[in-house]
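Note that chain A is present in both complexes that follow, paired respectively with chain B and with chain C.
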Partner chain A sequence: MIDLALDGYMSALPEIFLALSGLVFLIAGVFRGNSGTTFLCYSAAFAFVFSLILLAGVNTGEAFSDLFIMDDFARYIKVIILLGAIASVVYAASFLKDEQIFRFEYPVLMIFAVVGMMVMVSANDLLTVYLGLELSSLSLYVLAAIHRESIKSSEAGLKYFVLGAISSGFILFGCSLIYGFAGATNFDDISVLLSGDNSLNIGVIFGMVFILSGLAFKISAVPFHMWTPDVYEGAPTSVTAFFAIVPKIAAIALIIRILFEVFPSMSEQWQQVVVFISVASMAIGAFGAIAQKNIKRLMAYSSIGNMGYALIGVAAATQNGVYSVLVYVTIYMVMTVGVFGIIMCMRKRGYAAESISDLSGLSKNSPVMAYGMAILMFSLSGIPPMAGFFGKFMIFEAAVNAEMYILAVIGVLLSVVAAYYYLRVIKIMFFDEAEDRFDCDIAFSRRAMIAISVILIVAFIFYPNIVFDGAMSASLALFPK
Partner chain B sequence: MEYIAVFAPLFAFLIAGLFGKQIGDRGAELITCSFVIAAAISSVFLFYNVILSDLENHSVMIVPVADWIVSGGFKASWTLRIDELSVVMMCVINIVSACVHVYSTGYMSHDKSRARFMAYLSLFTFAMLMLVTSDNLLQLFFGWEGVGVASYLLIGFWHHKDSANSAAIKAFVVNRIGDLGLILGIMTIFVIFGTISYDGIFSQAADKMHDSFNFFGYEIHAITLACILLFIGAMGKSAQLGLHTWLPDAMEGPTPVSALIHAATMVTAGVFLVARFSPLFEFAPEALIFVCVVGAATAFIAATIGMTQFDIKRVIAYSTMSQLGYMFFALGVSAYGAAMFHLVTHAFFKALLFLGAGSVIHAMSNEQDMRNMGGLWKKIPVTYGLMWIGGLALAGIPPLAGFYSKDIVLEAAYADYSWFGDFAFWAGIAAAFMTAFYTWRLMIMTFHGKCRAVKEVQNHIHESPRVMIYPLVILAIGAIVSGYALSSYFVGSTSYEVVEVDENGNEYIDIRNKENFWGDAIYVKEENDTIEKAHHVDMWVKILPLIMGITGIAFAYLFYMYLIRVPEIFARRFRPIYSLFYNKWFFDNIYEYIFVRNVFSFGKVFWKTGDERIINGFGPDGLAYMTNIFAKIYSKLQTGYIFHYAFVMMIGLVILVSWFFFGFSAD
Partner chain C sequence: MLYGIAFYLFAMVLVGSAIAVITAKNPVHSVLFLILAFFNAAGLMVLLGAEFIAMLLVIVYVGAVAVLFLFVVMMMDVSFADLRSGAMKYVPIGVVVGGVLLFELVIIYSGWKFSDAMELANPNDISLTNTEALGHILYTKYFFIFQMSGLVLLVAMIGAIVLTLRKRSGVKRQKIYEQVNRKASDVIEIHKVTPGTGV
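The block that comes next holds the complex of A and B.
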């Protein structure tokens, strides 16, 4: 029996604060109606900032009868999640105004989604995993469909919901298998049981595969990726940006925690799965993107591919691998913030332009934006000295150190294929005939976010240690002793 | 000082080349001209410091600039070696280059990209300076290739002209053959001596004189092989017979380029190279014979071709080739000082002739065919007068520069008392006659008789602006005095010492002789010292070249001034010989037939089938094509139907699970 004592609840202070503020905002929204959406967005941003501050002061430790764990790993991931959430909600404020989608539920849902993700990251029990996962997923389903007047948005929400429900089913089924064979749901207990029992239990392996498949859906890894392009395209751009920036980090953190904390004794088994998923994701991400004409779909494939790269680090199954994944997703998050900021700036006469060809001649019409986009694209394709290069480099280095040479070579070759479509964007911006300009009334907050993202990408080479140190201590937390 | 002399042109190139748009054409001209003039002045100072300030104790400077390659036992550094030989070359290069720079501002005044032109000229000057000041073979090779590139850029400067482009490519490709020889020579030297620095090589030369290579069972004398390979490199750059075909075509470039690169400096790099390696060549007598024979044949054959050409610049180009032949056979008989002497005087009067010809072309609105000229002397008298000086110097009439240098070259050849020396002497005498003949043929066809140009061109004839005349005057002074002033230094005999009286009435012994002048830069074995012997040859040998020169001029006058029909009759009577000369001994045609066509067809095979079909087809193009197909097929799978998506997820899960199920039970 699990005793729901509130011991050590201080460790969950940021989550508690966020959940409470979400409730307060909900009530405020109900009273003020949709007209207060922008205000609520910025309030949510402040709530995120405040919870970031709280996060800094929280002690490590376990809470709620070991259902919840707070360690350096969780702290690092949560910082990134909150930063990404701040960027997303700031984007949303101006985007909702542009598109005239005033729904006060939007920021509230974002807050709940973030709470769910933070719980996922801190989960120390299969039940906590499911709790956090469902809280965030349900919020995300609604967010995808938030633009009710748009058929595409509704379709995206529906698809995401149905497929997400299937994946949740996978996870639940996996949890029940593990509980059935191991007799425990707590991570510590399971890992002790597994390490003690030398003969591997096929039931537990099946459970692990099911959970892994379900989580692979959340990070849109192949073959559970099919929803990604459709949802990215259909959802309002600010929601797409949120999808691309935040939930994947939480999901990949959860994958890492489960694989490295619960099933370290089965690493040979899950390595095979992860390698397969990783290679398939890189390949589909690279080849699928080539034929795309819509920039949001392009970014969907880009994210599929990038998750494939991140999984290389997981597949290495070493502390160095985890470290490289953390660096990689951090850099990826920053790049995505910049790219989606620019995508949101693509508006012609008040309407969003989403086709890649709309970018043609951007270097003439608004050179600053074109150069910013070029830097981001170079970074995404992994060209030095941008930050993206270091992310990829460390991933491959980890794979080589773990003697997974073939995987590293495949990764490098596929990143060449992927470079094609990133460079194509640059080619269109700089060498194609100019089309009509984009609207130039871009909100200051958005400009600032894009600028910060580009500067971080370029300046990473000068101050890489801020990320490196954090990621190092976070990855060490998973490898005790 | 030495830094200014060498690096000022580099900075001029960088400024004019990179910021040409910002500073404008005028700015680029000012910068390049002033920098190169500064370099010229400092190299004259260097000349004084190194040699003249103390004739018996030269202050040779070795200035290390930076390390370049340090790898195990192999070391190559950027070093300026300012010794007797290089300082002479620096003076020639910088002075002529300064004149040409200034001249170009006038000559190219109608051109659109003057800044680029000036930048290239400065680049060339810098590369040439690197070549002559190097302290090892690698830096020499750097300069060697640098001048090649600059020459390519300048020949093809008017890139809108097809003929200029193909001439530039031809120059580059033909030089490449020579460069291959040079590279092989450098490697051979490294194999023999284990170093590429001059001091290291020369100090070991005597020890290694009996070394040999075994090559497919043949014993090859190592130093001879190295020397011949180096000389092949020199043949390419200096347009010696066999590798000369690029030089006449290179006249497609602007005339200042022809004056600087294809007369005064770059083409003499080969002469410099051999002179620089005199300590090595002295131990390779067979190589010297080879040098001598090639040089003599070049001198003769180029002169015969020069007599029949009609393009004013081509005549001078063949003349250059012929004079280079003189220098080489002088080297071949170990008269290095004489060769350098002829190099210096030739640089002055040939640059003068070229720039003069440029002035004529400028006046004639870019007409180069002498058949369309004539009677110009009244209209452009200054150019005419300056051309006279250049012509007399070239023909070897005293007291102009060419007389001194050509005489000592021919006498040295005679004084070698060997079969190849005699061959060179008689070929040189014949060439001397022809030189005078074609020079005056040029003078008369251009400046005398009736003007054969079209009316509009005639009305346009004008004397060149002063900015073009002044450099000519400087070169003319050089062409007049350099022979007399330098002869005792460059080739002065050591056997007699002249007692002279200085202004205070004190007697002193004149120590101006070649030994004191060249110091250690040139090494000649005692028994090979032909210059010394040349001072003691029979009188008729000394006078013969002069007689030949005068007769040549007389014949030219006779044929082209008074008996105008005679050349035509000659041409008809001796049809085969004339067409042999006129068609440049069919070198171009033979090369075209043997090499060019075959290479092109080979190239086509490799290009069409080898590269496009096989490498591209299976490589980049094929892969890109497959990638596209793959991408298209894949996007068809993305149907948009939710049940398809769910199905794929299920399949994926089933695959993963069954993978484990079978993998696990197989254990």
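The block that comes next holds the complex of A and C.
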């Protein structure tokens, strides 16, 4: 009877490796002190790369007595998460040097956050969901407040912590309702129990809505978006970049897994909720951003809006919809990497410049950066040849195929509104009077990341199939034939 | 009979002390009432046959959390009366939100029906005490969850240290080696002072 449930632990090898390397880096950091921060950041990047290699080799299947599942969907999302994490930790290395925030815990906490997100994506049980979520959120709260000398950073950490704790409470309450009515926490068991007609109980619907609200907080979808602008503005820019690039992908993957694996029989109920959240996020994202003066707040509203678009694909409740969401978040991740790289380059006389008007005349002062930013902004607003257009196009196509015409039309109209503030950034860069130049001692690693991001956005037109094939096999994993 | 008396005793003291926690003027009294509430909740758990949860309540909540609260309340220089002064204006909206939520929850709980599969959650071996039964699955079936909780606690610990530990300059510490090695010649200067001029 007493056997350790280690069955299939090889499927979790990337997570196990990352967790162990986090522990090793922690010890190394304690002995070397804060002077080893840059070294540890690059070591963390190598740990992420090695974990990517391990990820390519692991077998699919359930592990740890069905608490953990590794399938093509989890593999695809984990690849995106790890790529995003590599970009963020490389940014962090040079940013921490610029800002003189030397804390060796920074890369260690990032590793633990990524472990938590990878576990979330592989969750096959409500307990695993909660622990993965808590591990990643707890690390993110600390990261937001890591610049202790800055009042804004402390404020961001505190706000994020208090509101995040409430959302965790929502999720736990939802889990308890589902456990109370279904009598199981395992995803396979719950979905089997719910597939019978008589068991479609109002209590389970309540539980599902509570879980969905908690997760909507994590992706900053609209009724739960209040924290986003303040936290994005207050946290150190490299942390903001990490927030924008990685955790939302994990959370939206978890939403997809829960809705499509646990509650497929209740799609009529959750579709209404997702449609509302999606429309509200697109609207607030589009109109809220117009008045912003700080570029980090602008990106916060942009991310609220983009999560709204991603949720259109979820609301379609079809395999095609999931496929389009996966393509969309992949492209969004690559664009965000580039934009935040450029935001980190906005420094004047050694200080970070965060106002949008600081960009004026960038096309004269540093044309390469201006054209890079222009490509990224065109892509974010969804203007045709860029990758961002294909993401939005596929989302709307999925909505139309699922006969949700009104949702698709609202999405298109609001993306026109959103295009205004992206194009305004381009107008400021190219047509406004030149201001002071930005400092030009930009770290090579940051230049490289921005270049890779811009090249990928443009190259997507020629080689889209790498993303399409991965997303297709990932979305098929959720829809057993 | 005895069971009934014990239940009502624990339940009434629990509710009474819980109300006292939020109404007591002195925060130290609030914490002490909280401890009383925890003890009574533990009593209710024993009556239900969940002795492990009762044990956890006493050890974790009374032993650690409540003592920590008491410590914080006594260390912090915060006037709780001032904090509370503005709170009354939020009461109406709080009552409305709470009332709506309560109404909704009453509706779902009135439709409460366990799924037929609920028996799955019962222990296989009745002869085990529930501490043993939990131990059997916690370290075997839920081994993965156990390890993840360990990581969550580690991150909490790192977080607390990152956010609060700071090196202060100018703090006077005992350095025994240096103190013993001090020589009079290093620290005392002898000046010849001529009368009427000063040093």
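Some points to look at:
In the analysis below, the second predicted complex is superposed on the first by the 474 of 481 C-alpha atoms of A that agree within 3 Å, B and C clash if a C-alpha of one lies under 4 Å from a C-alpha of the other, contacts with A are read in each partner's own complex, and residues count from 1 in each chain.
Everything below uses one rule, namely that a residue touches a chain if its C-beta (ideal position, glycine included) is under 8 Å from a C-beta of that chain, and two chains touch if they have at least 3 such contacts.
Remember, predicted model here, so these are calculated numbers, not experimental data.
Once chain A of one complex is fitted onto chain A of the other, the partner contacts of A:Phe210 are limited to chain B, with no touch recorded for chain C.
Contact with chain B, but none with chain C, is seen for A:Val417 once the two complexes are overlaid on the shared chain. Residue contacts after overlaying the shared chain place A:Ile202 against chain B and chain C alike. With both structures placed on the common chain, the touch criterion links A:Val79 to neither chain B nor chain C. Counting residues of chain A touched by each partner, chain B versus chain C, the larger count belongs to C. Contacts of A:Ile284 after superposition on the shared chain: chain B is touched, whereas chain C is not. Applying the stated contact rule after C-alpha superposition, one finds that A:Ala443 touches neither chain B nor chain C.
Touch criterion not met for A:Val49: it reaches neither chain B nor chain C.
By the touch criterion defined above, A:Pro223 lies against chain B but remains apart from chain C after alignment on the C-alpha atoms of chain A. Look at A:Ala451: by the touch rule set out above, it reaches neither chain B nor chain C. Chain A residues 202, 206 lie at the interface with chain B in one structure and with chain C in the other. Partner chain A is touched in their complex by these residues of chain C: 104, 107-109, 111-115, 117-121, 136, 139-145, 148-149, 151-152, 154-156, 158-159, 161-163, 166. Remark: chain B residues 627-628, 630-632, 634-635, 638, 640, 642, 644-646, 648-649, 651-653, 655-657, 659-661, 663-665 touch chain A in the complex. Against chain B, in their complex, chain A makes its touches with residues 158-159, 162-163, 166-167, 170, 200, 202, 205-206, 209-210, 212-213, 217, 222-224, 226-227, 229-230, 269, 272-273, 276, 284, 287-292, 417, 420. Within the complex, the chain A residues that touch chain C are 1-6, 12, 19, 26, 63-65, 67-68, 103, 105, 108-109, 112, 115-116, 119, 127-128, 131-132, 134-135, 138-139, 141-142, 145-146, 148, 157, 177, 180-184, 189, 193, 199, 201-203, 206.
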